[in-house]
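Two complexes come next, and they have one chain in common, chain A, joined by chain B in the first and chain C in the second.
Right, the complex of A and B next:
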């Protein structure tokens, strides 16, 4: 019984980490209909900046994470402004294809440039928090923090979308771009803001990544594919969907890996296929 | 007469045109060129990306002394590397070795990093009959198929951990072991040999698991590990991400074994773990000594700007460079077949230790224990020194 509880705890906490990273990707797709394949690179850059500042100053990595948020927003904003906006006027299927190619190219470029400038070695930040122990059970406070953060972000962004002008404009752009333009919403700016927010969320996930695991310049595409699966599982564009999708993936991986580590990921992706067969739009897709 | 002269000239010119290329007087080579690929990008860059500099610094050091003496030409020739980036991919390595095989000025190949990239490269060496001194490659798959044109420098992967067992046997204090292995040929081979060694010496392996390289969630394995309560936890993974992820999660789980062994411990691993890395035992292809080879190795490391502990595989490179130099000197020629014969038969000393090639093509270089002490790598061998210097956690 203890083992089962521990596996569930580990799975949920791992899922929280996945969800945190998938969150921004889902938001960007929801607003812009763009599958941002460079999302993992933004995560990696968040982790890298955290590592570099931590190595130079020794500051708390989460404080560094907060400090780099404006920069992450700016990075996402200009990414959209210069790479995505020129595609905005194209027909939908052309836009989707072009955005995949452009973001893929950008991902490869960012990875290579980072490798050249900062080195290709694995980088990890040495920071730990004591875990909570109850008999043989343990809960990692660091992972719990990631879970709390993703829950807080889900609620926070939900209210942001409902209550603020930018949030409402963002939703309007998602639902009907022409309608939004007709009522005076600057849809181009809204898209760029969304990319900025997505990039910020990726950067927060990157900080957790570099603290809990390690980062390297070539990790981006691998993690992006995993997070794409999570948002497809949860329903493209659904924030709660990415949270639930992340947790399902984490739980499945955890339980199956206990019996055989080789089947952990396979089982998680089989569940993805099964859910998509039953609900082709994902769990919370509309 | 005039007509006869014209016919003679024409025949002479035709003869020169046909057999001329074979009759040209061969010029003495101006240098000894070694062709190689290194992972200057891709997933292995972090492990070997600095070795282009290391190779050039070694060549620089040898050239400062005039180069390598080749008896056939009666003089020393400078050495030069021609290095391409294989981006950690076998198909790139194959492409570049094929390209270099068309260059007659390249006398020698040096192998790439890892067994699976070397597997691609050795086929090119065999096809074009160009001698190849392999470097970081010692998995059985490479040596199962006969290929005269390649030799290794390392002992088989199964023997890599063999120098650790005597320390625990002599020092005592630990009985049970757990092994966590990344699923690659090399890592599995190394751990298989180590586990057999442990059992032969009366130790018990209480938990053993092989996990795929992209594993990020180690919690299920750590739950089992905590139940098994081993004294020693061994991690054998080519990828530092695997090692760092596992050890950070073991720390989260509060499991404190008496000893942690990391098969491929690098500077980046200890940086990511901070003080937790203290007293991690590892393996390096170097131990302290006082021979001229030791001095040369430390000198090229100094010039390259890193230490043997930061890039463990640098010791393997040095052995391979030295074997190439000794083979050319002993063969006294740049004739490819004669050099290859010499590489197979040469019995020599490097860093005061025997260097030779087994009938299968393996080398004699094994790994020696080292330990992280005071945030730095300390060489702990021979055995008496190891027992004295080695600390449990």
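Right, the complex of A and C next:
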């Protein structure tokens, strides 16, 4: 029983981490219909800068994460402004292909330049907090804190999207871009802002990655593919879908890996394919 | 005009091994492989508009089926046939569920299938030897492989050409432009898509078999790896998806760029390579062949066949 609960906790934490970065990808897809293959690079960069600043100053990594948020936003914003906006006026089919080329090229480029400048080896922040036993359950403060922060962020994003002007404009653009334009939403600015937000969420996920797991410059494409799978599983453009998709994948991985570590990833992809076969538009897709 | 150019190129490639340049020979084999993968991807991706990010799965299945069967002592030609058939059967099996999906869902579900295959080949190590990889009978097969892959490239280009001139090709284009309207006008949409995928898969499967036979050794990341999966698609899009010559030009261009960068620069060649892909995507939407001067030239010599 303890093992079961332990596994569920690990799975939910892993799923929450997945969901955090997947949110950004999902928002970006919703607003701009772009499958951003460079999303994982933003995550990697967030983790990397956290690692570099931590190594130099020894500050609390989560504090560092907070400090680099504006830069992450700026990076996402200019990524859209200079690389994605020129493609916006093209025909649908052409634009889809161009966006795949541009984001794939950017992903390769960012990954390689990073491994050249910062070294290709795996990096992790050696930051630990005490852990305690609750009954028979072993709980680490760090993981508990991460879970609370992820939950808080999820609620925060939800309210941002529902209550603020930008959030509502963002949702309007997702639902109907022409309609949003007609009522006076500056849709291209909203797109850039969405890329900024996506990049911010990815860099927070990167900070969790570097603290709880580890990062390496060539991880970008691999994690991007996983996040793309998660948002497809949950239904493109649906926030609750990303959360549920992330948790399903995290739980599958953690439970199957317990019985056989090699089959965790396999089971995750199997589940994804099976769910898509039953629900062609994902769990919460319209 | 176009016949003369194609004839000269083909003749040159046919007599090329006579010059005995092993480095260039090997390079050309790899080039043929990528041309084949890009062009066969484009039969589905360019003409029906379904961006199949899982195309490499057919290649990998062909590669593994061939290797496993040939190792059991089955004759060479039967093993090639089996590799192709395995890819075709897989294509038929997945086409029914996959084609219920559309757009990005289709692309990513297909991609997830590749990752699934990669993990399955890694984990079913009692059959596939997992990450240790699969070895087949050794031998120097450079020259026969050269001609086989050249033959396959010619075959896929001819098939693409025949498709663009047929009713079948028109039906594929109608699926790409407006699938629902095509359906309302009586185009058997599901059958068209499945057929396109089967043709596309058979070429990739056969190429996979050749590849195992040629390299002697394969492992899951060689045939199902992420970059291996994305490169042929990037080549097709970069050259010009939906134009017969497009994927060929894309593959030639990208591979020459990669080879040049790789030999010239000790560092950052992947970055430069990525930058090239990015710039083409940004400034030449529709690919190299749709760039106005290139397009005009190709039309003049009669090589711009588009669907």
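By definition in this document, the second predicted complex is superposed on the first by the 283 of 286 C-alpha atoms of A that agree within 3 Å, B and C clash if a C-alpha of one lies under 4 Å from a C-alpha of the other, contacts with A are read in each partner's own complex, and residues count from 1 in each chain.
Everything below uses one rule, namely that a residue touches a chain if its C-beta (ideal position, glycine included) is under 8 Å from a C-beta of that chain, and two chains touch if they have at least 3 such contacts.
Everything numeric in this text was worked out from a predicted model, so none of it was measured.
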- Message: Based on the shared chain A superposition, would you classify chain B and chain C as clashing or fitting together?
- Response: fit
- Identify the partner contact of A:112: answer first if only chain B is touched, second if only chain C is, both if each is, neither if none is. both
- Task: Using the superposition on chain A described above, determine whether A:262 touches chain B (first), chain C (second), both, or neither.
- Result: both
- Regarding the shared-chain residue A:188, is it in contact with chain B (first), chain C (second), both, or neither? neither
- Task: Have a look at where A:120 lands relative to chain B and chain C in the superposition and call it first, second, both or neither.
- Result: first
- Message: On the A-aligned overlay, A:97 touches which partner chain: chain B = first, chain C = second, or both, or neither?
- Response: second
- Regarding the shared-chain residue A:143, is it in contact with chain B (first), chain C (second), both, or neither? first
- Item | Contacts of A:166 with chain B and chain C, given as first, second, both or neither | neither
- Message: With both complexes superposed on chain A, which partner does A:222 reach: first (chain B), second (chain C), both or neither?
- Response: both
- How wide is the angle at chain A between chain B and chain C, using CA centres, rounded to the nearest 10°? 60
- Overlay on shared chain A, then closest C-alpha pair between chain B and chain C (Å): 6
- Could you list which residues of chain A make contact with chain B in one structure and with chain C in the other? 112, 222, 262, 265
- Task: Quick one: which bits of chain A touch chain C in the complex? Just the residue numbers, please.
- Result: 29, 35, 83, 86-87, 90, 93-102, 104-113, 116, 221-222, 225, 228-229, 232, 236, 262-263, 265-266, 269-270, 272-273, 276-277, 280-282, 285
- Task: Would you mind writing out the residues of chain C in touch with chain A in their complex?
- Result: 49, 51, 97, 100-105, 107-109, 111-113, 115-116, 119-120, 122-123, 176, 226-227, 230, 233-234, 237-238, 241, 267-271, 273-282, 285-287
- Item | Partner chain B, residues of chain A touching it in the complex | 3, 6-7, 10-11, 14, 112, 115, 119-126, 128, 131, 133, 136, 138, 140, 142-143, 212-214, 216, 218-219, 222, 250, 253-255, 257-258, 261-262, 264-265
- Item | Contact set on chain B toward chain A in their complex | 41-43, 45-46, 49, 183, 209-212, 214-217, 219-221, 223-224, 226, 239-241, 244-245, 248-249, 251-254, 266, 268-269, 271-276
